[in-house]
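Same chain, two partners: chain A is paired with chain B first, then with chain C.
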Partner chain A sequence: MLASILASGLAVGAVYALIGITYNTMFATSRVMSFTAGQLGMLGGVLGSLFMLELDLPLVLALPLTLAACALIGVATEFVAVRPVLKSLDQHLYVLSTLAVALIIQQLTALGWGTEPRPFPRLLDLGSGMGDEKYWLPVATCAVTIFGLEYLYRRTLVGRAFIAVAEDNFAACALGLPERNLRIASYALAGAVGALAGFSGGQLLLAFFANGPLLNFYGFIPVALGGLGNNRGAVIGGLALGLFQQAANFTVGGIFSSVMVFTMFIAILLVAPQGLFGSPSTRRV
Partner chain B sequence: MDAAKDHLALPGGRAALRPQALPTALLPFLGLLALALLLPLTGNEYWAMIATRAAIYWVLVAGLNLIVGFAGQLAIGYVALLTLGAYTTSVLATGNVLPPLPAFAALGCAAVVGAVFGVVVGLPALRLRTFYFAMTTLGFATIVTQIALAWQDVTGGGIGITGPQMPAPFDTAWGFYYFCLGIAVLCTWATGNIARSRFGRALIAIRDAEVAAEATGISKPALLVSVFIFAGAMAAVAGGLFAGLQTYITPEAFTFELSLLFFIAILIGGRGSILGPLLGTILLTLLPEIAAPLAAWSTFLYAVLLLVIVLAMPGGIAALLDFASRRPLPANRAILPRPAALETLMRRRPAPGRLRLDNIMLAFGGVRAIDGVDLEVAPGEVHGLIGPNGSGKTTTLNVVSGYYQPQQGRMTLGDDPLVSGRPQARAAFGIARTFQTPRIIGEATVLQNVMIGGTIDGRATFLETLLALPRHHRDERHLEQAARLALEAVGLEMLASARADRLQHSELRFVEIARALMLRPAYLLLDEPAAGLSSEEIKRLGSLIQAISRQGTGVLLVEHHADLIFDICDHVTVLNLGRVLASGTPAEIRVHKEVVSAYLGA
Partner chain C sequence: MTITRRDLALGSLSALAASSLARPALAQGEPIRIGWLAALTGPSSAPGVGFNRGVIYAAEAINAAGGVKGRKVEIITRDTQGDPTKAVNATQEMISQAKVHAIWGPTNSGESLAVTAIMARAKMPNIHPCVVDSLIDTKRYPNAFRIAPSNSQWDDAVRGYCLNILKTKKVAVIGDTTGYGVSALKASVAAFQKDGAQVVYQSNIDSTQPDMTPDMLRARNAGAEAIVVWSVSTGMDARLFNTRASLGWDVPFVGHPSMASGEIAGLLARPANWEKVYAIGYRSCSYDDKGALPPHTQELVDRLAGKVQLDDTLLWWVAAAVDAVNLVAEAVAAGGSSGEAIIRHWNGLTKHQGYYGTYTFTPENHDGYPTEDVVMSAANTAKNGTFALAPGYV
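Up next, the complex of A and B:
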């Protein structure tokens, strides 16, 4: 049982962590928490299944197509739901506009793809039992993503520009950084990361239109616990959440595990509203 | 102008103080009620069902409106409380666990359970940021449905449970309709009472100007908890009625779509309005009936509607109906303070002791913003606090008003110690303040903005206000009278009924002063009140400040206009790099060598 808990816990944990990174990537350049993060994960699964099982495309084509489609949806989100409300960030209209876009995505998927979960193909056909690819693929993807992002942020000029915008929007603009284009790029990047989460975890979560809200919630927990904008915190939080959830699942059963996760989450947040690794909020007066 | 006429009648009788707009504001509600009462004439029981559903939804939305529309807390998953109420009522009425209760008793129990869980669901809002709170309410909605599914012994699981059976005469379609309509009318009346009271204004203040709300002594936790109790109870009652209407409930009846309907009804209606969300609720209940072929698309349509509202008409229906705010304001108006009004406004205030700061030290990280400041302000004194940018003037003000917690030193008012870090406790000490950037509720009228300043003077409790008991009316009369006096004192009484966001910057500064005067402050802290004012306005501001101080109020004035400072101050303290550089009369400071070189210039 321990092996099952570990394998499935780390796998779903990695998916949650990737959704957490999706939130963070969008938040970094726009200060907006977007409800679309989970829907991007859902689309990763649905589009992957669509391309590979319905259209019989090989993995090398299906993966880039899925990533590109989700990146496009990320950019569309920026245009439709984020940019128009940025100037009044303190009114929190983004909560509503991104919720609306997330629901539109979900309902269109339900109408076009159907409301039943559909299978997701095996990708590499490697491993079996606890070493099956459905368990280690998300973990590997999460590792590759986090190292890729670290490389991007620390070693490349574009990545440093991202960090500059994330740190201080006004100063970055004053330096002449193309703040708007960087924001669009970060939404595209977030779309691709979200798609990766759904794609790599497709064999666990299946291609199902209702995965969105689920991923939204469980992907948000690592962000809230790890501190907004903190990718490492999100990975640690995501894996911990996955293990905790699966352990509860195997020992006390599904419904109580949801209640436990929810209660834990609220309790921790009430004690440390800024998250376990986050910094306290800024001055208000 | 109407406002001016009202005002002239002021000192005389109470009758003149009754809001003139009330009857006209009531007309749409009465119209809707008349339509609702005539509906049975159609004899169509299908319509009875739809209208009953609209009434039930409104019972929930009316309460939720205070949370979302007034307090601005984005509680999205409110279907959770509807579910809870529906199951509590059904389980108690069917007698699954205990001997069966009569339907009304079950409904009452549901209200109590709803009130408790309303607080539980709402608690995170007291600590967490907007998006976090939205997420936790969503999580709660999911959990409740899952529990309803899993707890088969009690809830019947996926098979469901029968709803409560109402006794005669409410057991027919139209009888039940009248019953629900009656509760809906009661809810409208009760939320209306709250909305037009100091509680309603305080809720909007929390939403749009939280920092200013704290400075006027509004306690966000206490206020929100009262509202959560009320809204939770209403939502659970709505749930019980919903179960009665459905006659049979399963967890599937409580979809996220319903949550969305409640939430969007409020946003379509417009924030801070009651008529708007009422119309929104009716509209959204009717929409799927009218567009029956589109049933599969209804969530999609709600989502599109939400997006359109947020992007295109954030004010909702209420903004469309707000004709008064489209009339132009007089163009060549001037701020003409009439300090004579202060006499009436400020009387019967106990004489305070001195305000003393003793060796206050406050560091942000490694930077010592204030480094051992001593300061003493006497009652009736105008005390200027000047110094270069970054010398710690505003920081000192924020320490006095409790926003910052100094690492060292103590503060006293007379013999009482002032505890730092609790800004909402300052108002009770009679310490009021204004802000460098005016913190005003743009969507409220000038009069309402000023009335917020007197929130802690109200005597009626939340419950008394809900039921419009006599003390509530007395509070309102008293607050409005004081607010009109305060506006007269600062010279803005002709703008009393204008929306605050239509005023000029300089006028907003005077509105803030009027709001601060509502406390009849022992000490008034002004943070750069002259910034952005014309030289004529600065002169008037100066004499207004002096008039205020003559009423016994100590004024602590942070300002950069040296002329104003030297004209009106009795005492001036100069800060530099977080320390007191000099302190004395204006004449002494003007010739103080170090002050001249550090700040004033030769």
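Up next, the complex of A and C:
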């Protein structure tokens, strides 16, 4: 039982963490919580299955194509649902606009791909039982992604520009940073990270149009737990959520496990409204 | 020439008499219009496409044989896309504009729940295959007739197979978290307990839950001898079968027809994981251990050969649609095409043999499908839309 909780919990938790990072990446440069994050994860699974099983492409082609397609959808989201509402962030119109795009993505996928889950291929054909690749691949992908993003943000000029825009949009513009282009790039990056979540977790979640709302929901919890914009917090929050959820499945089972998860979520937010690893926001008075 | 008031009155009376005399002649020649509420496109269109093949075949066969007392059958099809709103609009159009004589469909319960009351108000003869029990109520909807089993009949068949054929006394009942899954599980558990069986584990599982190990382990530890599944989710079904195999457990699964869906094959880790899975099926569309269908069904299959594709659909969808069109045509032949006459005829049917079932309706019972013809099929044995009978049937 413990092995199952660890293997399955960490795997699902890693997928949630990657979706959390997708939320954060989009939020960093736009201050917008884009509810397309889960749909990008869903598309990662669907496109991966499409390229590898339907079109018979090898992994080395299918993965970059999936990432590129989702990056493009990320950019399209920025143009269609984020840019028009940036001037009135305080009215939170982005909730509606990004949810609308998410619904469009989901319905188009249902019509084009179908409403039944379809298989996702084995990628490396490594491991079996609790050591099967479907359990450790999402965890490995999550680790590589977080290290890659840390490197990008701390060691490269583009990454530092991202952080500058995230820290103070107006100051970054005043310094001559191309804020709009950086925002577009961050949405492309978020699209690719979301796609990685769905692609690496495809064997667990299958290629299924209904995974979008699930990932949107459970991917948001690590963001809230870890602190908005905090990728390390999202990873810890995601893994903890996966483990807690799987443990709840074993102990209380069925729909009650969701009740347990959200009870814990609300309890933590009551104690630490800014998230476990977030800092309280300051307001100039 | 001047027209007096007397001339005008006489002329009007003559015209009225002529028009009323002409009406029966017109009715004799006019086609029998059957409204067909079909979900032909959209997410859940597979059954609609199968039913549609049967509808077209039956109408063409009747018309090729000269129609019903010289009247052609005309099918008025409206694609509802599985959307209750579109079904409501199409129903109203069929009643008020197309002026159909009877309506076949809708073929899913969500749409049917939305349109049944509308048809009842218009006293429109309606025949459908939807399973939700409340859709048939002879007091509120005396116009509505069901030619497929209800949920309760499915439940009876599953319970009967578990208790009488598999001889299990301890069952686990699993449903998904949809409204259907929750209500079906509740009804199933109550019925098992009423029959003296022990429900050792019950759970509603989110069909997108990636790992079914926790629930399967709990069912095994509770001593389940059979697992009853009420879900339309093929993903959840496949995960349950794969988990059973990974646990090295050989407990049988019994339940919802979705467990026999062809899409499951691609989701299984190994084809063998689909063994010992028994899904709801129908005796008329099941073949025996020699591979033979019942003679009456074989006759239909022979007639359909070369005209209707069966390898990508289910035979019962096609056969039920053929029966529905035939039932309307036979009612018109027997008593005319008024709504009252069609309903009166259906209310008097006793053991009326169709291809899909042998139907019996009375004014007090519009659930026409016999429960004994609901059987379990071996889920992994699909062949041209039919399945092998599950072990234990004679």
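Heads up, the rule we're going with is that the second predicted complex is superposed on the first by the 283 of 285 C-alpha atoms of A that agree within 3 Å, B and C clash if a C-alpha of one lies under 4 Å from a C-alpha of the other, contacts with A are read in each partner's own complex, and residues count from 1 in each chain.
Quick note on the criterion: contacts are C-beta pairs under 8 Å (C-beta built on N, C-alpha and C of every residue); 3 or more make two chains touch, one makes a residue touch a chain.
Worth saying up front: this structure is predicted, and the values here are computed from it rather than measured.
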Simultaneous placement of chain C and chain B on chain A, clash or fit: clash
Contacts of A:119 with chain B and chain C, given as first, second, both or neither: second
Partner chain(s) touched by A:104 [first = chain B, second = chain C, both, neither]: first
First, second, both or neither for A:250, with chain B first and chain C second: second
Which of chain B and chain C A:270 touches, first, second, both or neither: first
Which of chain B and chain C A:8 touches, first, second, both or neither: second
Touched partner set for A:80, first chain B, second chain C, both or neither: first
Which of chain B and chain C A:211 touches, first, second, both or neither: second
Contacts of A:59 with chain B and chain C, given as first, second, both or neither: neither
Intersection of the chain A residues that touch chain B with those that touch chain C: 111, 254-255, 258
Residue ranges of chain B touching chain A (in the complex, touch as defined): 72, 74, 76, 123-124, 127-132, 134-136, 138-140, 142-143, 146-147, 149-150, 210-211, 256, 260, 267, 296-297, 299-300, 302-304, 306-307, 310-311, 314, 398, 403-404, 435
Interface residues, chain C side, partner chain A - complex: 42-44, 177, 203-211, 213-215, 217-218, 233-235, 238, 246, 261, 263, 266-267
Contacting residues of chain A [partner chain B, same complex]: 33, 80-81, 84-85, 91-93, 95-97, 99-101, 103-104, 107-108, 111, 213, 216-217, 220, 224, 254-255, 258-259, 262, 265-266, 269-270, 273, 284-285
Sites on chain A touched by chain C in the complex: 1, 4, 8, 11-12, 110-111, 114-119, 129, 201, 204-206, 208, 210-211, 214, 246, 249-250, 253-255, 258
